[in-house]
Structures are given as structure tokens and as C-alpha cells.
Amino acid sequence: MARLPRLAALTPDDEGWGFFLCSSKELRTGRSGGEFLILTLQDISAQVTAKILGDVTRLQQEFDAGEFVRVDGKASLYNGQIQLLVSSIRRVYPEQDRLEGFREDDCVLSAPRPIDEMWAELMGRVSAMTNAPLRVLLLRVLTDHEAQLREWPAAQAIHHAYRGGFLEHIVKMAEVGTLVAQAYGANHELVLAGVILHDIGKLQELAYEAGQASYTRDGNLVGHIALGLILVRDAASGVSGFPLQLRAELEHLVLSHHGSREHGSPVEPKTVEAFILASVDELDARIHQVRRAIAEDASDGEFTGWHRRLARVLYKGAGES
Amino acid sequence: MARLPRLAALTPDDEGWGFFLCSSKELRTGRSGGEFLILTLQDISAQVTAKILGDVTRLQQEFDAGEFVRVDGKASLYNGQIQLLVSSIRRVYPEQDRLEGFREDDCVLSAPRPIDEMWAELMGRVSAMTNAPLRVLLLRVLTDHEAQLREWPAAQAIHHAYRGGFLEHIVKMAEVGTLVAQAYGANHELVLAGVILHDIGKLQELAYEAGQASYTRDGNLVGHIALGLILVRDAASGVSGFPLQLRAELEHLVLSHHGSREHGSPVEPKTVEAFILASVDELDARIHQVRRAIAEDASDGEFTGWHRRLARVLYKGAGES
Amino acid sequence: MARLPRLAALTPDDEGWGFFLCSSKELRTGRSGGEFLILTLQDISAQVTAKILGDVTRLQQEFDAGEFVRVDGKASLYNGQIQLLVSSIRRVYPEQDRLEGFREDDCVLSAPRPIDEMWAELMGRVSAMTNAPLRVLLLRVLTDHEAQLREWPAAQAIHHAYRGGFLEHIVKMAEVGTLVAQAYGANHELVLAGVILHDIGKLQELAYEAGQASYTRDGNLVGHIALGLILVRDAASGVSGFPLQLRAELEHLVLSHHGSREHGSPVEPKTVEAFILASVDELDARIHQVRRAIAEDASDGEFTGWHRRLARVLYKGAGES
Amino acid sequence: MARLPRLAALTPDDEGWGFFLCSSKELRTGRSGGEFLILTLQDISAQVTAKILGDVTRLQQEFDAGEFVRVDGKASLYNGQIQLLVSSIRRVYPEQDRLEGFREDDCVLSAPRPIDEMWAELMGRVSAMTNAPLRVLLLRVLTDHEAQLREWPAAQAIHHAYRGGFLEHIVKMAEVGTLVAQAYGANHELVLAGVILHDIGKLQELAYEAGQASYTRDGNLVGHIALGLILVRDAASGVSGFPLQLRAELEHLVLSHHGSREHGSPVEPKTVEAFILASVDELDARIHQVRRAIAEDASDGEFTGWHRRLARVLYKGAGES
Amino acid sequence: MARLPRLAALTPDDEGWGFFLCSSKELRTGRSGGEFLILTLQDISAQVTAKILGDVTRLQQEFDAGEFVRVDGKASLYNGQIQLLVSSIRRVYPEQDRLEGFREDDCVLSAPRPIDEMWAELMGRVSAMTNAPLRVLLLRVLTDHEAQLREWPAAQAIHHAYRGGFLEHIVKMAEVGTLVAQAYGANHELVLAGVILHDIGKLQELAYEAGQASYTRDGNLVGHIALGLILVRDAASGVSGFPLQLRAELEHLVLSHHGSREHGSPVEPKTVEAFILASVDELDARIHQVRRAIAEDASDGEFTGWHRRLARVLYKGAGES
Amino acid sequence: MARLPRLAALTPDDEGWGFFLCSSKELRTGRSGGEFLILTLQDISAQVTAKILGDVTRLQQEFDAGEFVRVDGKASLYNGQIQLLVSSIRRVYPEQDRLEGFREDDCVLSAPRPIDEMWAELMGRVSAMTNAPLRVLLLRVLTDHEAQLREWPAAQAIHHAYRGGFLEHIVKMAEVGTLVAQAYGANHELVLAGVILHDIGKLQELAYEAGQASYTRDGNLVGHIALGLILVRDAASGVSGFPLQLRAELEHLVLSHHGSREHGSPVEPKTVEAFILASVDELDARIHQVRRAIAEDASDGEFTGWHRRLARVLYKGAGES
């Protein structure tokens, strides 16, 4: 049997085997008495829904959600979406399967741009900063959380929801935020600091495992905005002589970055830098959402189907004129 | 000349002298060329507007906003409100004026219940708590901030806006919050802790001087909800072995006590205790507002005039049936 | 075959027979042509979903929604929820089945506290009131509607949705409302009257049969707030010399108890008692909702799943610290 | 001295005497020490602001708000509005002043159409109704409240705020509501009943004296929507055999006529007739508001000044094309 | 086999054949492996859901969505809604099937009133207008778009969603708008023009084919309000000497007819005519929605089921009293 | 007498003469009978309030609002704001006054950056565009409206409210919009076109005379968003072969640039370019507003006074850390 293509390239009737991450697994009872399994499988390029209709009792012992799996199956269309009908499945045995080409990184949905490259760009920006206490603080935060910052998604579901998505979001905001701040003669280093720190509380808000994020106790009870504030306060305490005014401005950026109280910011922007940060964050998330909706839309026309969150259709022809 | 009565008892045509705190002072230019002064004077019982219409150039040198003053004047009605027309004024010379009965405490608008009595009640509640780490944390916070907690108002203008108002608000909430929590079998010690800590960030949000509160830098840029969180986190770090789960629940109480995001809480109540705290805080502020509006209303009918903030009139006859 | 345990204690693979109230019954056509039945069964402790997959044509003749039934079945898990697969079912024949232990009261989902006990507590509170016209009015209303007040749920679905729930809601609010009113020196007998009367219009808004509530014509066209008003006006007319001012305050309590116009109150609270009533009603419903969500949540973590109505997850660990 | 023209025809520099109703009177203290009086004067055609700048101490004894007055004065412009500078004023002595042409009706701001004519039209509509119980009920209500219905304004300030305004509002709504109901084949007699009864509760909500409306106790605590409901329920009880279904529909009309809960209706329209009533009520009030703003606007351009309540300017040229 | 009745008259167990328009067709995979088809069929009187459970592979070749079809089937109830179980289906062969009575018009869901009659009424109204430039403009617009105006529905789904629905909506609004404008002495010809033009942009916003409307590129990117504006501006340019003031008022009517900005009008009504148009449009849509919900409701009681869009139940007994 | 400094540099007690534009003039009656005049005077750098307290009858003949004036006066503080007390004033006689240095441009409040420089930058951006039809269209629009585009303010009062403000807003948005579009790989020429055209309808919405903007008939009845659409449609018609898809995208940008319906956009952004345009427009206006509030704030602290429109105070220390 042939090897299946990358999931982003899967087309109906493709048949074969492949290595994937199984990020969810649910048992359902069919109406005629039998049971079947609904899975989510992902590789570096995309994720798809998969079904196991036969031999369920045995196959469900062979793997768990959160594990890498080896799958035999065939692609088909279901309500206009591609899905994989699985005939055989088992958990990966890393040593043995590596011989057939298994690599963890290939099986985790990831940002399109290489993580090393994004990381280097971000570190370059910070290293070039002239405000010494700010640079020191940022370098410590980045160093302390490097592993998480390189791996995490930016959000559970809404945008940048894949490996490296957090970093991708920060790196793009750093580029845009710096340009905008410079255009307005605002403090671009402060904006850069805001970009890096604005969602840093998510590292404690969420726990991220095997492609799946979940909320921690502090995440639910305290929330990422307040957790970010504490992290910044602690980081500033760790840099001797860190100016109090600068600390207040930094904390203001973290707290106000949702732009308004009804979006969860306990204080609203009161500085030009805070207005820039909230605007750039909002726009980056929005553009990512729009492009993902356009990319995932399988219909023929110039417009996508209805986007529930944005409450509108989106124009797929844009930019080609 | 006779001594004026307490301001709460002032009636039109009362004439005499008295000691007051001058909490605001504004120079206005009259249209016919002359200038006059508008003041706010307070004593322990109330505050009134006062005017200096003659000899302005000389008298305005004699005192500043924020100082205690000795005033000669006569009460009159202006648009249905009592006011004081000042014929003479000078700053207090404490040593000399004490001989005539000047006491700072008599000149500062204050909570009706004695501060020592409220403080003792609060300390009693805390000392009786069975949850040791919580008790230790609260005692430290109370001890560290005793001076402020005894003196401060609860808010700049909306409710409990006088000396001891902060404490009055906490003590009443402690009573009610404990009763409600017990009625529901909720953790009443946790509710009590929430009551004491929920507005603790205001001690850094505001600076309070001579009867006037103003926002600090951190107050404007960080805000009392986030400042309160930091204070709780720091206090918990200072109690060795303070349970992480308890810390999260405490912080949740502080962060969620406005009840919803549009009222400025970055996280919304997720525990029974948090629902109780937000409810008791809201109700206490509302009742205080209603009663003050009724007390200050000078009209004849069963209802007050229009209350702009509550967007309604209030019933003055309630409770007498 | 063994007798099944109480529904609240049912676990997967329990098998046996029991008496229940069937509160809903729906026929569905399966895709492979066959039909099956979806039922809701309840006993005093809980309600569960049940399915009849075989012998449908015959079994559906054997009972109707709203009837007590005798069921043979086996418990299983379906999407994490317990359900009962029914192999045999028939309506109860009271005389015969009483021999096997059938009792109506055991088959209707009910408040945890005994109804007689709650009723006695409420009557005790009213009998102790010093305001004579108010006491007379309340005793008449309670006497006239005793049967309904003892049996009804407090709401169709949102909170206290079981036998005795209406009474449970009133009794708890009476306790809390009295405490709060006393703490604030408000008219606690007026608050108690508001507690008893605030939802009295629901007795005409809803028709309640066999565990199922439905809206009446007046319920839909007039609504419980306005129906409650009429009932209070009529009751006051029946007490000779009932003071007009007291009547207005009572009616105000009924009309304003939702707290604001957007929640359906045509007038908003204008007295301290009305603010207390609206606050206590809201809090009691919210706490009931939170505790039910926590009790029904079957997941492992510290938090419940997403609560659609409250738009948040809830903390299950609260109170244990 | 000449007699002043009707107030609607007053122009700057007109000088003379006239009879008016003084509907408000306020004493203000000028900054240079002197006092002056601000009055509102009205006659059948309009109302204007008036000022008494000299001889205040004596003149303020000569009349009170709510009295008819004889005034000497001169018109002038103040910030683009016409006002009357009063040189002399006294209360009317009816017997003596009638000789000079004083008539109460000429001094009260009134609807443009004669009240008798409007009343006759309304009675004609009701008498022609074929639904007997409805006709009987309406005739009783109209007869019982004839005096108020003929005299009252429709609202304190927003629209139809003059003598006969209530009746004018009902008569025009009766005309339009009937036409619309017939066009849609709806029950036009039910709509007519809704028109007549929708604001009937205002007769108890407000007390109306000498051109000034004020809220009653029941008006503030119960409100006109609920008071209207009670009036309808009582009226229906007084018609033997009044159908319950019809009563529910009538009550629904009264309760839902504000169209939505946030506008104060505790139930929202659920019948075609209720949708028509809410629509016709809203439109009639809006048109009256627009036309009054256009009539009162003194500026030159095609548009009025900013209308605060409607939050827009209005087009004065409309309809002339 | 007998011929099926009109769909509006279909009852469970009716069996036979008929001609319909198939307006949607969707293939679904059943859980036991088999596939089935879900269709929407319509005739002049109603539309129903249909299912093909057997012989799917062959039958799905026999027709497409958007085609007229000949169907053999049997009616049944599914969750309280009537549906058609199809045993055989094929596309219509017009020539041959006309012999058996096939007529396109009978198979398309249509307004209840004959289109020719509605069109004649509308042309009559316009021809009688005295404002010459307005009459000329309207006649041109009507003539240019006659074909579409006669055929189109008024909206995709919310109201008047069938052949001739657009015309039905205009004709009824013309009747009501004229009556209301005359009652208020407003410019009724201007209102009539607003009625005819208010949704004219929908002719470019939507593309309508075989009973199915879809949004065009300009429809999605520009929208019918702005498209209508352009059409009016162009039409006015085509009438020499068309007054600029009249053009502005017309354009204002088109732009403001949703009544407020949050409903999509970039300018809000500033003339009496604009208030009338917005009110009449809203009411006509609402009444149509209410009546359709009542007509389609299959339940027994006095009220319909929950109406999701209107967020309420509706009273079915209204008007019968 | 000395010449006064630029208004931006005026300090209390400065005395002398100067040339200004008088942009408003209002006569007020003082309470002691006398009248005085309130003026707004501007020069290139700022605008101030001025008062004429003496010799009013004669001086008010000497000039009108909208004229350039020669003023003698003295600066003073009034409620913390600088104002000019005018002792003498007359309209400018250009020929004669030029000898003393009068220049129209010096007397009109203007953008800080030279207009010629901004215009050249904008024309440079457009000339460099590679999309030929878009470039042709933009060059025509810019050429046709050059005079207005160089002179007009961006808005009546909220931001960029001075000569050249419109151009300043466009030029800055062009810079930022291009950078952001390039960063996201969006169509930056389309964004540039959107920037230039988004407010183009304001050229017809407003009439601008002597430093004062007022709404035109089309401005009030049609509004700048719809007027901009018509202008774009006409301009596209004037470029032969202008692609329909491009036209739709351009029109979408103009219509959607307020970002949401409640802000007045009849369609909401559906393309990445439209999201960028709305974001950049909002941010540019916001930053201008913040900086103007900071510049105009005369207080001592780190924060401005309360900003009514933004509903917050603003941080003046930002950026200096």
C-alpha cells in the first residue's frame, strides 16, 4: 500500500498509510446498535476528521488521544469536507517506526514559517534595543520561556491555532507594530515590549500537550491578562533599578491590549503605544482568521460560506485584481 | 457672633462662625468684571458649597484648598440647596484655634459609626477564622495597611465618599457576606477574605490628601483590580506554605468582584463565593447611594429628584408603612 | 431481576426494573428505516434519558408521556452521560403496583428538603410578622395557593426545576432576604412579603402537569410579572383598610424584582427593599444554577464543561480549601 | 399700552400686555448680588420663557406658579430664542379681568384641533364597533374618564405636551391604526381598543394641575403600563360575560405597546394587532416630535439644529418638492 | 397511482405522484454505510422536505437541484413536520409532461395574489401621480425592471420568500404607506416612490435562479442599500431637469429605510416621509413573518412553537375573538 | 503697542495687536443688562476664545464671523484656559493691512506639515502605482479635487480639524496603510486607493468657508459614505475598461471603512484590504485625538483631565521613559 500524501494535499479516494498525531478520539453509539469512533488526525500541514466504522472494539485499544499513530485508510468526501475512513490503526513505536520515516515534527500541525527563523528574527529585534532595562527584561523573559514560546499555538481555536502559532503571532506583530510606531514617532521599543509580553500570561493560562491546549486552574480563575501582569511585575523586580514609570507603562500595555473593558481589559488604552498595540493585535488576529477561512473554504464561488464568528461571508477574489 | 451648628444641621439664615476643612476652592470671573470664589467646606457631618462675593482679592490669600479654615458666614438657600455666604475666612492656626475648640477630626466628613468600633469588629472577625493561612494573610494585610484602611473613603464620589468610608463598606460587607455565605453553606471565611481584599488595590490606585482623593500613576495605568491582585499574590508569597489552590480562589475573588467584564472584571465569577462577593458589593454600594440620595434630597414630596447615575427617582416613604 | 437503584445513583451496567415518571416521549425514524423512542424518565432524585430500540411498535402503545411507568432496562454511557436502554415498559397500574412498592412521590423529581418542613418554616415566618395587614394578606395568599406552592417547580428549566422547587426558592430567599434586610435596617417584613409574592404570578403563567410545565394563554400574553401584580391588587382589596402606601410598595416589589427593564421589569427598583429583593432573587437563582451544573458535571478536572447560559466554566474545587 | 399678540406670533420688540398661565417660576441669585425671576408663560398657541429683572422682591409676591397672570412686557431675542422681559405682573382676578377679555382656555397651551371635534370623532368610532363586549367596555372607560381624556397632554415633555394632547394622540392613532389594521385584514376593532387603552394608565400615573404634570406615588412605583393593565382588568370584570380570550388579548395590547422589554414592556408583541399598535404608537409620537422640532426651529437653513433626543438634525424642506 | 394534492394540502399517508421544483438536493452518508438524499420540493402553494432512502445511486442521476421533477412518493410525519418519502423521481420532459398537466408556474412557490393583478395596481398608483418628474422616473424604473419585479421574492429567507414576493411586499407597502402619509398630511407621492425604490438594489444584490437566490459580487461587497442609491442617482440623471432637492429626498429614503445605523442604514431618517417608510417596511415584514409562522405551525395549542428570529412564541388565536 | 505672539505661544498678560480669522461671534446678554461678545479667533498655530466686554454696540458692527480681523487685546486666564480680552477690533482691509504684514495663510489654523510637501508625497505614491486603471482613476480624482483636498480639515471637530487636516490624514494613512499591507502581502495599491477615496464623499458632505465647515443638503440626507460611493462609481465609469471586480473592491473599501454597521458602514469588511483600511483609519484618528488632548492639556500632573469622547484620562508621560 502506498503512503498517503500530506493531509493538506489529500483528495477523495486517496488510499494508503501514514503517521499522524491523534488529537481527539470519541466513541459514539450508532442507532442500529453498533459503535464507531470519530478521531481528529493532524500532520504538519493540516488536520482532518477520521472515522473507524468496523472492528471498533479491537481498534480502540490500539491507541489513545494524544498519541502518534500509524493509520491505514482511504479519503472520502462527507458534506463537502474531506475525511479519512480508517481501516487499521495503532500507536507509533518510535524506534521501529523511525525506520519507516516517522518524525514527531512531521505529525504536529505547525506554522508555515520555520520556527528557528522566526525565533532568530525576534531575538535580533530585542538585542538591538537601546533602552537597556527594557532589553534586559525582555531577554530574560524570552530566555526563561523559550521552549514554550517556540512551540505553542497563539490560541485554542480562533487564530494561529497550531505549533509555533504563538511565535508567529508575536513576530508578525513585532514587524507591524515597529513600523506603525515609527511612522507615528511613538516609542517603538515600548511597543515591541508590549508585543512580546501582551499574551505572555497564556503560558500559565494554558497547558499544552500533544497538540491540545487546556485551561489551567490559574488560567480559569485568574486569566491570562492578570497572569501576564504578575509575570511582568516579577520580571521588573528582577532587573535592578528598573524604572517605575517604565514598569507602569509596560503593565498598562499588557492590561489594556484587548482595547476595551467589554473585551476583558480592566483598564483601557491611555497612551499612544497602548492604542497601537491593541490595534495591531486585533488586526493580526483578524487577518489570520480571514485568510484561514479563505484557505479552508472548499466552495466554487468568489465568496466563502458564512463565517459564524465574523458573522459574514469573506471575499476570496480579493487581491487578484 | 454665635458658633454655627454642624453643617448637617445648618438651616437658612443661620449666621456665625465655625472651623471647617476647605476641600475645593475655585476663582470665577463675574460678567460685570468682578471676581468671586466658590468653595466646598466640610465638617464631620456634611459638606456644603460656600461663596465669597466681596473682598475677594484679599481673602483668597488667606487660605488654600486642603487647609482647615475659620469662617464667618451666613446660610441661605440657592436653588433649593443650602449654601454659606462667607464674609470672612482665614486658615486655621492650630495651636491658637485649639483654644476655641478646633479639632481636626471634627472638620473632616466621616462615617457615622466610630472608626475604632468598626476596626475592632473587623479584627474580631478575622481573629476568629479557622483557616490558618488565610487568617495569617489577612492579619498581615490589615496590620500593614491599618492607617489607610481606617481613614480612607470607599470611592471618590459615588458611595461612602468620606473618612472611614472604606472601612464602613468593608465592615458592612463582612457582616452581610458572612450571613449569606452561611445561609448557602458556602465557604464564609473565603467570602470574608474576599470582602477585605476586593478593593485593597485602591490603596495604591488613589492618593488621599486633606479630604481629596486623586488617581496615582499606577491607579490610572494599572487600576485597582490589578493592583489588588498583585498585593494578594505578594501577601500569599509572604505566608510560607500558603496553598496554591487557595491563592487562586482568593485572586479570583479580587479579579471577578465587579461581576462582569463590562464592569471591568477581566474574569467573571466561577465560584459560589465569587457570586456572593460580587452581589454583596453591588448591593452595599447601591443601598448606600440610595440612602444618601434620600438623605440629601430637600424636596417635599414622597420621591427624591431625578438621580442621574441611577437614572430614576427614589422613594423616600419606603419603610415607614 | 433486581430493582434498579435511585436514578441519582445509577451507574453503567446496572440492570433491573423500576418505577418512574415518563416526562417526555418522542418517536424518531432511524436512517435504516426502523424507528426508536427517546424518553425522559425521572424519580425523586434525578432524571435520565432513556431509549427503546426494539419492539417499538408494540411498546409505544403501552404508555404515554405524563404517565408513571414500570421499566426493565440497563444503564450505559452515551457521550459521557448515563442513559437507560429499555427492554420493556408499561404504564403503572397503581393498585397492583403499590404492592411492589410504587409510590407517586418517589417517582417525581423533588427538592432535596422535605416539603412539609419548608412549608412550616415559611408559615412560621409569616405568622410572626408584626405588620397586621401585611400578615393577613400573606396568610390568605399562602392558604389560597397552598397546593400549588408546595408542588411547583420555580422555573421551567433554568433553576429549581423540580417538585417543591418553587417553595425551596421562596424559603431560601426568605431566610437570606430577612438577614440582609435586618443587617441594613430595612423593612424586613416588606422584603419577606416581596419574597413570597414576587413570582406568585407564575401560578397563572404556567400550567403544571405530570412533571411538565407549559405556558397558559395569560402566561404568554400577560406574563407572570403582570399577573402577580393583579393578584396582589386583588389580595389587598380583600383586606379591609389595607394601606394604599403599603399596597404601592408591595406592587413595586413584584414589578421591579427582575431589577431592570431589559430583564422584563416595567419599573426599576426605587426603594431599598426592592434593591434587596432583586439582589437576593438573582443570587439565589445563580447559586442554584452553579451548584446544579457542578453536581451534574461528570468530568474529571477541577472545572465543569462550558455552561452555555452562564457563558463560562465553573470551578468544582471551590470551598474545599 | 397695546395688547400683545398670541405667543406663537410674538416677535422681537413687541411690547404690551396679556393674560397667560404661569407654568413655572424660579428665583435665581445674580452674581452681583441682585436676584431675578425666570418664568414660563403659556397661552393657547405656544409657551415662552420670561424674565423679571427689576422690582423682584415686590413682584414675586404678586403671583405663583400655576396661576393665571396679567403681564406687561416686551419681547426680545436671547440666544436666538424669543423671550419676554416682564416689567409688571400680577395674578388674574377672574371676575374683573374677564371684562378685559380673560378666558382660561385662551391661556392654556392646547392641541391645534378643537377638543369637542376630536372627542366626537372618537365616540363615533367606538359607537360603530360591532364587537359588543368590547364596545361596552370602551364606552364605559371613555365615559368614566372623559374629563381627563379631553384635557390631558400625552406626555410630560416628549410629544403632544399640551392640553388635549392625550386625546389628539389617541384620535390620530385611531385613524391610522384602523386603516392599517384593515389593510392587513387584522382585527381593527381590537386595534382601536388598544389605541384607546394603551396609555390609559397615565391617568393614574400622572397628576395634572395648571398645565403641569407630576408623577403620583403609583405612577412612580407601579407605572402606567401596569396601572393600565389593572384598569383594563377591572373594566372587563364590570362587563358581564366579557370573554376571557378577548380580555387576554386586550391586556396583551396594553402591556406590549412599547414594543420591547428594553422600552419597558414586560411582554413583547405576540399578535398582529400588538405589532400594529406598537408601530402606530411609535410612529405617531415620532412624527409629532419631528414636526414640533421643525416648527420651533428658528434658523435659516434647510435643516433644524441638533435634536438631542433623536440625535440628528431634521430636514425642514421635506414635502415641498 | 393517484395524483398528489397541492403541497399545502398534503397530509400523512397521502400517496401518489406530482410535478415539483426541486430547489435543493443533498447527499448524506448514513452511519451503516448506505447513502440517502435530502431534497426540498416546492409547488405554487408550499414547500416540503423529501427523502430518498432506496435506490439512491441510480435516482441521483435522474435530476439536479434547480430542475422540475416528476415524483412518486408517500407523505409521512417526521418530528411533527410533514415530509415526502420518494420512491421514484426523474427530471421533467416539458413537452411530454405537459400532456399530463405539467405547468412551470404551478411548480414554483408563489405569492397568493395573482402577479398581473398586483402589477396593474402598482402601475395604476404611479400613473396617477401628479409630481411629473417623480412619475417619469418611477415609470422608467418599473418598465426597465418589470421582469424581475414581477418574479422575485422579497428576501432570501426571512419574509415574502417566494415568486412574486418582492412585488407583493411593494404593493402592500404602497397601499399602507399612502394611507399613512395621507393621514399625516405628508408627501404621499414621495412615500410611494420610497416604497418602490427602497429595495430596488436587491435586483443587483441577488441573482435568482430556479427558486434559489444567491448573493452577487456587488451584493456582497456593496450591498442593496448602496446599489439602490446608485440606481436612483442614475435614474434621476436620465430625467432631464429632475430637481436636485427631490433627488436628495429620494436618495435619503432609500438610504435610511432600515431606520437606524445598527440595522445597516448609513443615514437615519430626517424627514417625516423617511420615518413613515421605515415604519411601514418594518411592519409589513413583521406581519408577514408572524402570519407565516402561524400558518406553518402544526401544533395544537393557541400558540406556535418558539420563533427563533423573533425570540418569542406567537398567538394563533388572535383575531378570532 | 507691540505685536502679539502666535496664539500657540500666548501667555497671560501678553498685550498687543494681531491679525486673526474670526471663526465665530456670538452676542450674549449679561444679567445686569449689558451685552458682551464671545469670539473664536485663530491663526496658523492655534485658536482661542476672546471676549469683548466694553463698547459692544459699536464694535460689533466692525466685523463678522468668517472675516479676518485686526485686534487689540490682552491675554488672561479663565478657568485655566487662556483667553483674549479685546479692547478694539475691526475687519481687515487687505491692501492696507498687507503693509503691516497681514497674510491670509498666517491667520488660518493649519496642519503642522507644509501642504505642498504633503501633496507632493501623495502624488508620488500614486504615480508609482503599477495597476494602471487604478492609477488613472486616482490621478483624475486627485486632480479634479486638488483645491479642496489641499485646504480642507479632516473633520468638523473630532480630529485633524484645521486647514490641510484632510490631506494630513490621508498622507499619514497612506504611509501606514502601505507599510501594513506590504507586511501582510496584501494588495497595497488597493489599500492606498482606499485611503485616498475613503472620505472623498466629505467634499460633498460639507461646505467649508472661512475656517468653518457646515453640512450640505446631500451631506445630511445622503452622507459622506454614500456620496463617496457615487463619486467612485462615476470615476470608474470615466476610465474606459475599468475592471468590474476592481470597482467592486474599491467601492467595498469606501463603504466598509467605518468597520461596522453601528459605526455607519452599510457593509462590513470582507477583504483583508478592507480590514486594514478600517484599522488604519481608526488608529490614525485615535492617535491624533490623543496627541491633541495631551497638547491642549494645561494641567501639571502626568495625566490629562477627563476626555469626554474617549471617556478616560490620557497619560502625558508616555514615551519619555
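Letters are used for the chains, namely A, B, C, D, E and F, taken in the order the chains are written, and counting of residues starts over at 1 for each.
Here, a residue touches a chain if its C-beta (ideal position, glycine included) is under 8 Å from a C-beta of that chain, and two chains touch if they have at least 3 such contacts.
From a predicted model like this one, the values you see are computed outputs, not experimental measurements.
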**Q.** Neighbouring chains common to subunit A and subunit E, by label
**A.** C, F
(Q) With a Cα-based fit, what is the angle in degrees between subunit D and its identical partner subunit E, given to the nearest 5? (A) 180
Q: Determine the centre-to-centre distance between subunit A and subunit F, using the mean Cα coordinates as centres, and give it in whole Å.
A: 42
Q: Could you tell me the distance, in whole angstrom, between the mean C-alpha positions of subunit A and subunit B?
A: 47
Q: Name the residues of subunit D that each touch 2 or more other chains.
A: 31-32, 217, 220-221, 245, 249, 252, 270, 303, 313, 315, 317
**Q.** Every chain pair meeting the contact rule
**A.** A-B, A-C, A-E, A-F, B-C, B-D, B-F, C-D, C-E, D-E, D-F, E-F
Q) Which bits of subunit F are touching subunit E when the two form their complex? A) 217-218, 220-223, 225-226, 229-230, 233, 244-245, 248-249, 251-252, 255, 261-267, 270-271
Q: Name, in rising order, each residue of subunit C that touches subunit E in their complex.
A: 26, 28-29, 31-33, 215, 217, 220-221
Q. Which residues of subunit C touch subunit A in the complex?
A. 30-32, 34, 36, 53, 76, 78-79, 301-303, 313, 315, 317
Q. Which residues of subunit D touch subunit E in the complex?
A. 131, 172, 175-176, 179-180, 183-184, 186-187, 190, 243, 245-246, 249, 252, 268, 270-273, 275-276, 279, 282-283, 286-287, 290-291, 303, 312-315, 317-321
